[in-house]
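Next, two complexes with chain A in common: one pairs it with chain B, the other with chain C.
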Partner chain A sequence: MLKKTAVQKISDLAAQLMQKGTLIAPVREDAGFNFREISDAGQVDLNFYNTLMSPKSAFFPHMEDFVRYQTGKSVLDAVPVEISIKPAFLFGVRPCDVKSFEIMDIHFSGTGAVDPYWQKRREATTIFGYAFDLNTPADGADFYATLGIGAADPEGSDVFMMKKGDELLLKAVTKKGEKLLAEMSGLTDASPEDQKYFDETVATGRSFKTRLTCVEAKSIAKKFEDLFHKTPFWERISDACLSCGICTFVCPTCYCFDICDETLFGQGTRRRVWDACMFTDFTLEASGHNPRTKVYQRLRQKVCHKYSYHVRKYGVISCVGCGRCTRACPVNIDIFSIVDQAMKE
Partner chain B sequence: MATSFKQIEENLKNEARKLLEEGKVSLVLAYGRGYDEDHPVPFVARVVADVENMVFNEYCTANMARYLVRYPRGTKMAIAVKPADSRAVVQLIQEDKIKREDVILLGIPVIGMKNSKTGEVIDSKTTCGMYNPVLYDVLLGEEIHGQTVVSPYDVLAEYETMDKDARFAFWKKEFDKCIRCYACRKACPMCYCDPCFIDQNKPKWGDKSPQSHGNLMYHLTRFHHLAGRCIDCGECSRACPVDIPLYLFHKKVAKECEEMFGQAAGKSIQDKPVLVNFRVDDSDKILE
Partner chain C sequence: MSSDNPYIPMPVEIIKIIDEVDTHDIKTFRFTFLNKADEKKFKYLPGQFAELSIYGKGESPIGIASSPTEQGYVEFTVQRAGAIVPGLVTAALHDMDEGAKIGLRGPLGNSWPIEFLEKKNIVVVGGGFAFTTLRSLINYMLYKDNRSRFGDITVIYGARTPGLLLYKDELAAWEKRDDIKTIITVDKGDENWKGREGFVPAVCKDAAPSPKNTVAVICGPPVMIKFTLPVFFELGFSRENILTSLEMRMKCGIGKCGRCNVGYKYVCSDGPVFSLAELEELPRDF
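Up next is the complex of A and B:
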């Protein structure tokens, strides 16, 4: 099913989705675009390249409360926080980010241990993918083509959207998407030309140019295994690294978290908070021993986790080439260049 | 007439090559090629061959003084310093984190540096606005004179019209954006505490979750730890992924410090850090 509407009428579409549930869509903020829960349909803005933060927070928020307690009281008085999940619509997700959900599913539900928070949100959410504009060159930091992801791949989305001039084409990809589109008013049926345009864009998107290097999962994984003990290589790579956590926080496939007991005026909450392997205290053990005290050890962990250990354990590279880490890095460290240099070692 | 970036790059390479060849230093902290020309990276040259990868252009904004404390005490290093960076080195010498004799400062007079994220020209609004390094052993370009000298505190005019409550509301709103990536402290040449107070868990000074109270705890404590020490390079604000104007607070504290103690951070190695040094004629205004 292919439908269309005028790009200008996006707020109508947004308003309808807001009646059905929570709408999470890109909005313009001081530092760039970000996915936010929409309170006013007019906020939704599709004139973005990509968001600063990845859409992972829709399923895996920066902070998630599990249990509330009071200090000095019995543990039996602690109250679990109910997961309240409403139907949600994640609107305007770029194809590389849609791909990231599939990778994250491995960790949160794919290996037997199911994270109910992630899974319930995932099930309740309809994903509106959104093709990159093929008439605008890709940002210099992007390299999703290297990971085999097209600029207009509809796979993984429930509904896939792309702009055609002043119009927005909406294609139902899954049954869930089909049902939803059928219920929406204000959409018109697309013409055969629209269908042709859609198919052609998806096909052209597969060869859309971003930074490209030959990355074959198995061989890169092996390469990094061989490089593990080559300390001078990692020291050189990490000379510039400040060891802050930006790259992991903006990353759509970084999923590390810490469980913290946080208390304020006697009221406590046990919660999950994003953590980062780039932080010194990430590997600090109770004994006081820290196996990764050096910056190079931490950067090596991040890169090897994505490009080596993840391949060995799950068969896929844990990176979608969205370029966020490169764009956000205060000192311009670029994971693509690291992989490229590693292959040349 | 300011020396061109290309010429500075050439001079930088020549000096670095000479120092490494003569064995005077074991590493040169400068800038290298990034993934494109607009995104150079901090770079460490260890052998003569590394020098070829050095660059210098208007996007080389990183404060290399940040990396000095990473190497063991006594390591002989050369470092490329822009004006604010040279102040950071001076401040680190004052605080005895590094020894004057261990570092060779390759001074770079600059004008027209640009933020690689926004492309905007960096001026006295977010930095100290100086054109020439305060301390150097070799100068890689001609000193810049005759430019309008703007006070780095001019940018505070609007901020200072706010009363206490308005300022608190302003910072609360800004800090609510914070994602606690700690890029500000990591980019800061004066933030070298190991461990940083916010990473400690016994006692635990602040929460890890990105909420108002923890964010305020982190930023206000960091601001005050930098009182009289911030050299106004503006790296914290440029590193911030959510554009918190951290420079405003640092400038405000620096201005008050300067008014009270007649001394700005990192201007001379003869100075002692203001909050460490006691002078009988010190202002009592701090107690008011």
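Up next is the complex of A and C:
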């Protein structure tokens, strides 16, 4: 099913989705675009390249409350925070970010224990993917093509959107997407010409150029295993690293978290918050032992985790080449260049 | 409480506290479940651990010291941390009395590989405080219905001083049994000590267990491990037949939070028990 509407009428679409549940979409902010819960349909703005923060927080928010407790009271009086999750619509997600959800699914709900928060939010959410504009060159930081992700890949989305002039084409990719599009008013059926445009764009998107190095998951994984002990390599690439962790915070596939208790005036919440392997106390044990006291050890952990350990454990590279870490890094450390240099070692 | 949410602890009550050592910083806590359903669900094997959870302080991953053959309770031997890093949970726990209620999440991790150990001779080597899940394993193997499933059992356990030996009553009981060979050693004895003196690696060398159809299960401080492994290599033990339990900082305990990641393993869910062969495949990042 392929439908269309005028780009100008996007707020009509947004308003309808807000009737059905929570709408999370890109909005323009001072520093750039970010996904936010929409309170005014007019806020939705599809004139963005990509958001500063990844959309992972739709399923894995920066903070997640587990339990409320009171100091001085029994453990029996603690109250788990109910996971009440309304239907949600995640609108305008770039194909590389859509791919990140699939990678995170393997970790959070596909292997071993199931994370109920991630799983319930994923189930309750309909994803509207959104093709990159193929007439605009990719940002210099992006390298999703290296990882086999096309600029207009509909896979992983429930509904996939792309602009065609001043129109927005909406393709139902899954049954969930089809049902939703059928319920929406104000959409018109696309013409055969629109269908052709859609198919061609998807195909062209597969050869759309981002920075490209040849990366094959198994060989890069092995390469990093061999490189682990080459300390001079890691010292060189981490020379400028401030260990600030911003790369992990903007990353769509970083999932490390801390569980902490915050108590104020006797009222407390146990919650999880994002954490990062780039921080020195991440691995500090109660005995005082810390296997990763040096910056190079932590940057090595981050890179090897994404490109080697994750491949061996789950079969996929834990990176989608969205370029956020490179754009956000205050000292211009670029994970693509690290991979590139590693392959040449 | 919530049974399908692995992050929500089950309520337990401390029914017994045993002061284990003369420095009074290691205690064994015996817990009973406040909800019968939780007790039923808490099926564990020796070598597994759980998160002890105190609201307002946090959670601590601690090895289970009791054996699943003991019914109605579960025990943890906990050292009060804080010499270097403030140990909020362990300090709070040490300050509690019998009757106090806390939270528990588990059982977590893999276990000593019981099926692999069956029909084999077992040499258990422990040092200092790192004897807790070994005690669980020994009591499990010694249980009347289990003993015939295992071959000869040898225990070599050492501590710095006699006062630092854990589970003193049990050690004495094991020494009296003829279906387990118990060798206790201390680095330095005191005026009342009539037993053996010497470091664990040297005692292992003296005992010289045969590697034939035998698995060595070794836990202890890094320095003990460092000098004990070569002894077992020399005796002819293969890396597949040397098992140990790894420590790494943990939070979730279920392989999600990323903290205990070493190479392609999560110590909490893929471990904490590994064979030496498995450990040598991992980057030295722990």
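Methods note: the second predicted complex is superposed on the first by the 345 of 345 C-alpha atoms of A that agree within 3 Å, B and C clash if a C-alpha of one lies under 4 Å from a C-alpha of the other, contacts with A are read in each partner's own complex, and residues count from 1 in each chain.
FYI, a residue touches a chain if its C-beta (ideal position, glycine included) is under 8 Å from a C-beta of that chain, and two chains touch if they have at least 3 such contacts.
Please read these numbers as outputs of a predicted model, since none were measured by experiment.
When the two complexes are overlaid on chain A, chain B and chain C sit side by side with no clash. Within the superposed three-chain model, A:C260 lies in touch with chain B and with chain C [touch as defined at top].
In the superposition on chain A, contact of A:H107 is made with chain C only, not with chain B.
With both structures placed on the common chain, the touch criterion links A:T71 to chain C but leaves chain B unconnected. By the document's definition of touching, of the two partners only chain B reaches A:M63; chain C does not. Legend: residue contacts after superposition of the two complexes on their common chain; A:D115 is shown touching chain C, with no touch to chain B. Looking at the shared chain after the overlay, A:C277 reaches chain C, while chain B stays out of its contact range. With both structures placed on the common chain, the touch criterion links A:C319 to neither chain B nor chain C. Of the two partner chains placed by superposition, only chain B is touched by A:A328; chain C is not. Angle at the C-alpha centre of chain A formed with the centres of chain B and chain C, after superposition on chain A: 90°, rounded to the nearest 10. Closest C-alpha contact of chain B with chain C, superposed model: 5 Å. Taken together, the two structures place residues 258, 260, 275 of chain A in contact with chain B in one case and with chain C in the other. For chain A in complex with chain B, the residues that touch the partner chain are 29-31, 52-53, 62-63, 140-141, 211, 236, 239-240, 242-246, 249-250, 258, 260, 262, 264, 271, 273, 275-276, 279-281, 295, 326-328, 330-334, 336-337. Taken in their complex, chain C has these residues touching chain A: 1-2, 4-9, 11, 34, 53-60, 81-85, 87, 90, 101-103, 247-249, 251-252, 254-259, 261, 263-265, 269, 283-286.
Residues 32, 34-36, 39-44, 62, 66-67, 70, 116-117, 177, 179-183, 185-187, 194-195, 199, 201, 207-211, 213-214, 235, 238-243 of chain B are the ones that touch chain A when the two sit in their complex. Within the complex, the chain A residues that touch chain C are 66-67, 69, 71, 74-76, 78, 80, 83, 107-108, 111-116, 225, 228-229, 255-261, 263, 268, 270, 272, 275, 277, 282-288, 291-292, 297, 301, 304-305, 308-310, 312-313.
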